Amino acid sequence: MEFTLGELADLTNTKVKGDKHVVIQRVATLESAKQSEISFVSNPKYKSYLAESKASAVVLSEDVAQEYSGNALIAKDPYLTFAQVVSCFHPVEKPRGAWHPSAVIDETATVEGNVDIGANVVIEANSIIREGSRIGAGSFIGKNTTIGTGSLIHSNVSIYSETIIGKNAIIHSGAVIGADGFGFALQQDKSWYKIKQIGNVVIGDDVEVGANTTVDRAALGSTVLSNGVKLDNQLQIGHNVYIGEHAIMAGGTVVAGSSKIGNRCQIGGGAAISGHIEITDDVVVTGRGMVIGSINQPGVYSSGTTTDTNKNWRRNAARFRQLDTMAKKLKKLEKELDVLKKD
Amino acid sequence: MEFTLGELADLTNTKVKGDKHVVIQRVATLESAKQSEISFVSNPKYKSYLAESKASAVVLSEDVAQEYSGNALIAKDPYLTFAQVVSCFHPVEKPRGAWHPSAVIDETATVEGNVDIGANVVIEANSIIREGSRIGAGSFIGKNTTIGTGSLIHSNVSIYSETIIGKNAIIHSGAVIGADGFGFALQQDKSWYKIKQIGNVVIGDDVEVGANTTVDRAALGSTVLSNGVKLDNQLQIGHNVYIGEHAIMAGGTVVAGSSKIGNRCQIGGGAAISGHIEITDDVVVTGRGMVIGSINQPGVYSSGTTTDTNKNWRRNAARFRQLDTMAKKLKKLEKELDVLKKD
Amino acid sequence: MEFTLGELADLTNTKVKGDKHVVIQRVATLESAKQSEISFVSNPKYKSYLAESKASAVVLSEDVAQEYSGNALIAKDPYLTFAQVVSCFHPVEKPRGAWHPSAVIDETATVEGNVDIGANVVIEANSIIREGSRIGAGSFIGKNTTIGTGSLIHSNVSIYSETIIGKNAIIHSGAVIGADGFGFALQQDKSWYKIKQIGNVVIGDDVEVGANTTVDRAALGSTVLSNGVKLDNQLQIGHNVYIGEHAIMAGGTVVAGSSKIGNRCQIGGGAAISGHIEITDDVVVTGRGMVIGSINQPGVYSSGTTTDTNKNWRRNAARFRQLDTMAKKLKKLEKELDVLKKD
């Protein structure tokens, strides 16, 4: 597949600086790019690499382009434009309507047109796979579940019964959608009585769920991933959690039951969000954030202590346990000093 | 399925207040409940919602019921009773003794009566699946493994060889039981020599293991989940760990090798427990707890620092690295002030 | 299988103290060992158990052996030698060249000699499985992927297309190699545009990847696990991460995109490593480490605060938010006291 720079400009709604006839065959990083390849600079601090790049063209902002004599696509947001260029060279594979003979599809299930079904896929009773979806090898789709139009379920995914997935979802391998929420009632003999989880998971349109991420079904009602939500790998989303539109959450984050995460929130990797709290719209929580109460104002929030040498850390961590005592001593000293100053 | 309120009272050993003939068809939350539905109030702070609820009956404590004029089930523990009511409406599915023809069952394996085996299940040599169990599609059961009576293994579970699982276990999709513990000996050339993990995993009765949770086999001997243990999703239980009866552990917690967690412990989500330590019975560790030494007294333990605005956090986190210095300065000030006061 | 102590000495290049004809049939822990079993003491603090052990032989250092009258293998590194002894009794299973008839192997794939392929394995177009490898039941291998000589892929593993895996790799169940990196560009309407991840994963020789660990494919170029890397369970390795030779990483650690971890680094469990940073060779990060900047010097690094009683923790964690204020007050007091002292 190849494009002229002019064709790429048309496809991405950007302008060419330089030769619009130069042929581009691949995308590459600025350092590795060779002839016939296109790269990008989105962070001005990397513009020093521009001069040495062998790329045939580079996606640049208007500002940076002024310092560059080579061929360029001039973009408002070079990162976004480069992403679009990548898509030109690597269009999404179209399903061909191929069902592998080893797939086990219940006779009451509905599979619409142009759906690819991989080897050893299992689709249970009354489930619906909408037009143009692809179900990867070894994936399991429980009963009464719907997979929306144009969705891509990778291999070895497990989707429990009653799950509703919207259009153009991408679910990566090993993800588990709709397993039981973690609900138990303590009995007098100190054993736990399982609370049957009779809700489901509802996933909107354009949602991506990363590899080995788990999204539990609700106890009652629904656990919800709204339109445009992007979840990285290894997340745990508890029962009855609600995640707002276009929220994005990085790897290894755990969200306990019944919490609500607002629209457009950005949650860093390895964060932990307690149950039954609410994070308002447009909140950013940095990596490893520990959120134990609701956040009512948009903004950037952080927590944790960062690495130090083990020797220093041991001393400081030990003092953390004396912090309240230290604060009280400090207060006492302030008072005593006030008295002395007045003398 | 429907019950009169009187029938539900009999089934849950509770008393009716109001009309025992009212017909209940479903369970629901207090806010969403409609006619013919039953709900509950376990936390008195939600009792304000009672007046507006459309539920045909509500599970209540004696105290709360006094302020409520509608139909009620009077329970000592409304949360537990409601859980039992849910079970009345949603009884556990009974296996029908159906083996999918695509299942690959070694001829030396034993499958007892009334066992359901899903599509593409693999059961290796000498394994035993006891009466009334269900094995979900795509699950793998290695050789010499036993699955106890009435257990439910969901789809795409991997159980390595020599694992012993007790009665009425529930293992959710993507869980991996019995993979190698993480044991390596450092060689002179700085490469790692794998220590063959020749132990196994032993799981007691009434244990639930969440989706994508991993429980490693022991190096020697057994990794043990005792009777009644409940593990949420995404946990990592290292080799030779012992978890006591009715301990409950929330999502994303990691437990390093050879540690012991006592009976009835409750470990919050995203906790990290070091190796070779012992947590006594009845310890609660709150979410994100970092346990690096043994805990010898029952009680509630916590650690971590919670989210603040990024601006404040940056300042405070920087000071954390000066904490020991601050403590020493404080001590020096105290001494100097003492001298001044004596002057 | 049984060996004389003399045979084990020859196989592990160690010396016998005592009876070289004693027959050893199994390995065991010092406490549980019975006649015909061999155990070890690597940490001198356990040598007190030696006297009571029923083991027929023990692997010991020269020092410890002087205090022991029983049969021993004298080793420079008893832990490593014991690991080698375990391997003598539990040699790696050899593949027999058996392909299960249910495996779905694309006609353009290459499977070399003596490869075992389990039930329901799927191998896609143009992939290569080298001599002597074993692919466990239900595993999926995407197109254009290579599995090196002598590798062991356990059951229910998902390996995406274009992945390159070296010799003697071990990949545990539920691991996902090569899923899309987490890359999105923000659009003006606040939705996210997926950046097609067109790189791959390259894994060297002698690498072990734990159960349910995920290693994402690069956006462009490769995510790299170098020779001898050992990853525990439940890790998340982001796109374009580079992990150096013989680095070892414990369970539940997340590494964000484009970071580089040096040779021989040891990263504890539950750590979080930010994106675009570099950790030099021979760095140790203890469990739960939060690394948000590059580490340029070898050494041991730590972070976090450890568990305290909840009562104390609440007080101290509240003070953490005042730490900068406290530091400033302290400075003010020092100045004021200086003034008073001069009076």
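Odds and ends about this structure:
Residue numbering begins at 1 within each chain, and the chains themselves are lettered A, B and C in the order written.
Simple rule for what comes next: a residue touches a chain if its C-beta (ideal position, glycine included) is under 8 Å from a C-beta of that chain, and two chains touch if they have at least 3 such contacts.
As the structure is a computational prediction, the values presented were derived from the model and not from experiment.
Homomeric contact subunit B/subunit C: same residue numbering on both sides for under half of the interface positions. A rotation of 120 degrees, rounded to the nearest 5, superposes the Cα atoms of subunit A on subunit C.
Centroid to centroid, with C-alpha atoms defining each point, subunit B and subunit C lie 25 Å apart. Along subunit C, residues 102, 120, 138, 156, 174, 212, 234, 252, 304-306, 308, 320, 322-323, 326, 330, 333, 337, 340 each make contact with two or more other chains. Residue ranges on subunit B touching subunit A, taken from their complex, read 27-29, 32, 77, 79-80, 82-84, 86-87, 89-90, 100, 102, 118-120, 136-138, 154-156, 170, 172-174, 206, 208, 210-212, 228, 230, 232-234, 246, 248, 250-252, 264, 269-270, 287-288, 304-311, 313-314, 317, 320-324, 326-327, 330, 333-334, 337, 340-341. Taken together, the subunit C residues at the contact with subunit A in this complex read 102, 104, 120, 122, 138, 140, 142, 156, 158, 160, 174, 176, 179-180, 182-187, 190-196, 198, 212, 214, 216, 220-221, 234, 236, 238, 252, 254, 256, 272, 274, 284-286, 289-293, 295, 299-306, 308, 312, 315-316, 318-320, 322-323, 326, 329-330, 333, 336-337, 340.
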